[in-house]
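The structures considered in this document are given below.
In the two assemblies presented below, chain A is common to both, partnered first by chain B and then by chain C.
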Partner chain A sequence: MDLREKARQLLESGEVKAVIGYEKGTMGARRPVFVKKAERADRLVLDGDCAQNLATYLTRPEIRKLGRVAITAGPDALRAILQLMAERQIEEENLLALAGDGTVELASAQAIEEHLALAPKELPARDRELLERLGKMDRAERWAFWQKELSRCVKCYACRNSCPMCYCGHCTMDCNRPQWVPVASHALGNLEYHMVRAMHLAGRCVECGDCGRACPVGIPIHLLTFNCEESVHQQFGQRAGASSRLDYALSTFRPDDKESFIR
Partner chain B sequence: MTEAFEPKITAFVCNWCTYAGADLTGTSRIKYQSNVRVLRLPCTGRIDFMLLAKAFARGSDGVIVSGCHPNDCHYTSGNYHARRRWMIYRNLMDFMGIDTRRVTFSWVSAAEGARWAELVNEVTTTVRALGPYTEYKELALTGVE
Partner chain C sequence: MAETFFLPQASLDALFAALAKDGRRILAPTDRDGRTELNPVASFQEVAADYIQTILSAKEAAFPKVERLMTFTLGAKAVDLKDAEPHAEPTVLFGVRPCEASGFGALDAVFNWDTRDRFFNARMEALAIIGVGCTKKDDACFCTSVGGGPGSTRGSDILLTPVEGGFLAEVLTPKGRAMVALAPGAFQPDPGLEKKVVEVPVAFDQPGLTRRLKDRFEDGIWMEQSLRCVGCGACAYVCPTCVCFDIVEEADAKGGHRLRTWDSCGGPMFTLHASGHNPRETQAQRWRQRVYHKFSYYPERYDMLGCVGCGKCTRACPVDMNLQEHLAEAAQA
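Let's turn to the complex of A and B:
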């Protein structure tokens, strides 16, 4: 059985109201598709070019009001789903994840956790290299690196919109009275925006790297959240997306948290 | 001849410990460097990470964040939460190339008047040696704030 047949079955039996997957876009690209009728299941494709993390749609009101949906999900999307469950943003019973080649049904958080345990998370080689390069730089060089990169940011908010963990109805970035972060795309505003984005995702980012992929000018912004995630892992010993029952690292504490810089 | 550089230090302090401690420094007639501007907030847990960035953007050369010692929080756990946040934020600042030597985190209790004076003196001396934070000031000049 392949994904299309599986989707057709699920929709015909009424088990799910929609299947979120990928279809062929222009120029050989893949784009998300929301299949609600069994006869449209033929549009679905699933191959190596399907990179986008579709879990970002699960918290959208249009999808939520549909009821139970199925979603084709790679390891990153599965992690995002677990994290969204941990944050009480989606309900277990409203979701069916289609993993692997699209035919492996994962109907519960436990099934997803077990499935993920088989494939440990690894950073893409390009990101690892860049992180190493940044680690070897001194502070002033890192400052110059980020200033140069962020100078290209046009504040399109594609990084925010592509992120499955950015689901607030009201975003502080859109708030202009009082204006906490300058809206204009200038050096200060760009630095502050990306700082806020990284901190708001610290302990919640599942490291899918979709923000970096969504960036139209190719700024490696995903490294900022990766850095926060690495600190959380090293200092508090947990990784976002590991379980559906995870406490948000920054809203909890241990009296014996170890640091070396507070005097 | 240009004037000697005097750093501007912004201190975000908690109402219950460090502010009272700084008050005690004054009532104890302890003299210390006058470069610090003290901003009082209800709790270290109430100090948003962006306030530190805002301080630099508005011309600070150094920042102090200070609250109650662990276990002494007026709200039981505000300082513990803050501590976790600073652990992550400090790494991020360093990763983005912000000079973490200019940010000092500390615990100063209401009884430690002398320690507050010592802390401010130390930070002022360090930041004076580092010089003005021109990198960030140039950045802020590009802003329209």
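Let's turn to the complex of A and C:
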């Protein structure tokens, strides 16, 4: 059985209301598609060019309204799904993840966890290299690197809106009573936006890289959140997207914490 | 009538030097870190050798992403308001494509609709455009479907078309003639060169689309089309004709500034009322607004389109919302 056939079956039997997957787009790219009718299932494709993390759609009101959906999910999307479950944003019973070649059904958080345990997270070589380069820089050099990169940011928010973990209905960036972060795309506004975003994703980023891929001007913005994710991992031993039952390191505390200021 | 010349490749540095000597900044597409973007250049060597388009549009030259409109200081008894002066540096845009050059027309329609916007106009007056016709295109381009073309002279002061050994130069406006006068030696008589540009097939019937939109407002098509849109502003921010802005103030206890910054109708905050009501609550309504603004309201109000078919939105969109494809679908009966 292939993905298209699986999708047809799921839609015909009424098990799901839609299949979220990829189809062919402009210039051979892959893009998201929402298949609601069995006869449209032959649009679906699943191959190495399908990069986007489709889990970002699971928290959207338009998609939630559809009912139970199936979603083709590689390891990054599966991690995002677990993290979203841990944050109580999606429910197990509304979701069927189609893993592997698109025919492996993962219907529960436990099934996803077991499936993921087989595939440890590996960063793409390009990101690894750039992270290493950044790691070797001293503070001043790193500061200069990000100042230069962020100077090109136009504050379009494609990075935020593409991210599966940026689901807040009302984002700090959009608050204007009071306004926390300058709206304008100038040096301070850009810096504050990206600092706040990185902090909000520390320990929650599933390292899919979608924010960086989405950036129209090509800022490797995902490296900021990767780095914060790594810090939380080192400090607290947690990994985002490892479990659907996670007490988030930055919002919990233990009475026996080794830091004394907390008591 | 346009005067045509031959501009040899070897004369371009002389032209750039003459423009610089006249105190003008030259902005041109450059290749930096694998990205084609507009940057100030000093010589023709710095101009990208091979590009279809820059990622961002040239609109920044007249409508920057942030512009200071006024400054205020809080005194003991009164507030002191000061108008900001437009920062209008004499600028030549070199190497923008005909679609982008004509995009300034759509900005002009809004900024001079009733009040004449002094910031936009000051920058436009200081701006001259040397466009370069296209010998290459990609699947996102659809200029010919919206009344433009890869060799269109609209919006350019001088339009260059690549030919063997240099460019065919069509000098179109007084600003164009002034630039020729600065470097008269650079321009040679036209030996009867043929203007050849790439072919861009017409993708959809635009007048038909505009008519069709009249009774398609409540159609389910907008919901279907917009499902994958993540509502970021990338399409609007890269667009040469998107003109929406936000007015914000940045202040401390002593005073501050009023700024105008780019904005996008694709975001949920754009139409949120102080009451809490939002007339464009769903992404479908916001996507529909984008299409209607450019293809229904613009023709109605300004007798032109709010889109020049450059395809920048399609290239920038993280989820490949291919505008041309969506318009072709909406144009169908």
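FYI, the second predicted complex is superposed on the first by the 253 of 263 C-alpha atoms of A that agree within 3 Å, B and C clash if a C-alpha of one lies under 4 Å from a C-alpha of the other, contacts with A are read in each partner's own complex, and residues count from 1 in each chain.
Note that contacts are C-beta pairs under 8 Å (C-beta built on N, C-alpha and C of every residue); 3 or more make two chains touch, one makes a residue touch a chain.
These numbers come from a predicted model, not from an experiment.
Looking at A:Glu122, would you say it contacts chain B, chain C, both, or neither? Reply first, second, both or neither.
Neither chain B nor chain C is touched by A:Glu122.
Using the superposition on chain A described above, determine whether A:Trp146 touches chain B (first), chain C (second), both, or neither.
After superposition on chain A, A:Trp146 lies in contact with chain B alone.
On the A-aligned overlay, A:His186 touches which partner chain: chain B = first, chain C = second, or both, or neither?
Both partners, chain B and chain C.
Touch check for A:Pro216: first (chain B), second (chain C), both, or neither?
second
Considering only touches as defined above, state whether A:Val196 meets chain B (first), chain C (second), both or neither.
A:Val196 sits against chain B, while chain C stays out of touch.
When the two structures are overlaid on chain A, which partner does A:Asp47 contact: first (chain B), second (chain C), both, or neither?
A:Asp47 sits against neither chain B nor chain C.
For A:Tyr157, is the partner it touches chain B (first), chain C (second), both, or none of the two (neither)?
In the superposed model, A:Tyr157 contacts chain C only, not chain B.
Where on chain A do the contacts with chain B and the contacts with chain C coincide?
In chain A, residues 182, 184, 186 are touched by chain B and also by chain C.
Under the definition above, what is the set of chain B residues touching chain A in their complex?
49-50, 53, 57, 70-71, 77, 80-81, 83-92, 94-100, 104-107, 119, 135, 139-140, 142-145
Using the touch definition from the top, list the residues of chain A that touch chain C in their complex.
25-27, 29, 31-34, 52, 56-57, 60-63, 152, 154-162, 174, 176, 179, 182-186, 210, 213-214, 216-218
How about chain C: which of its residues touch chain A in the complex?
The touching residues are 33-35, 37, 55-56, 65-66, 138-140, 223, 227-228, 230-234, 236-238, 246, 248, 250, 259, 261-262, 264, 267, 269, 282-284, 314, 316, 318-320, 322, 325.
Where on chain A does chain B make contact in their complex?
Spelled out, the residues of chain A in touch with chain B are 134, 139-147, 180-182, 184, 186-189, 191-192, 194-196, 198-199, 202-203, 223-224, 227-228, 230-232, 235-236, 249-255, 257, 259, 261-263.
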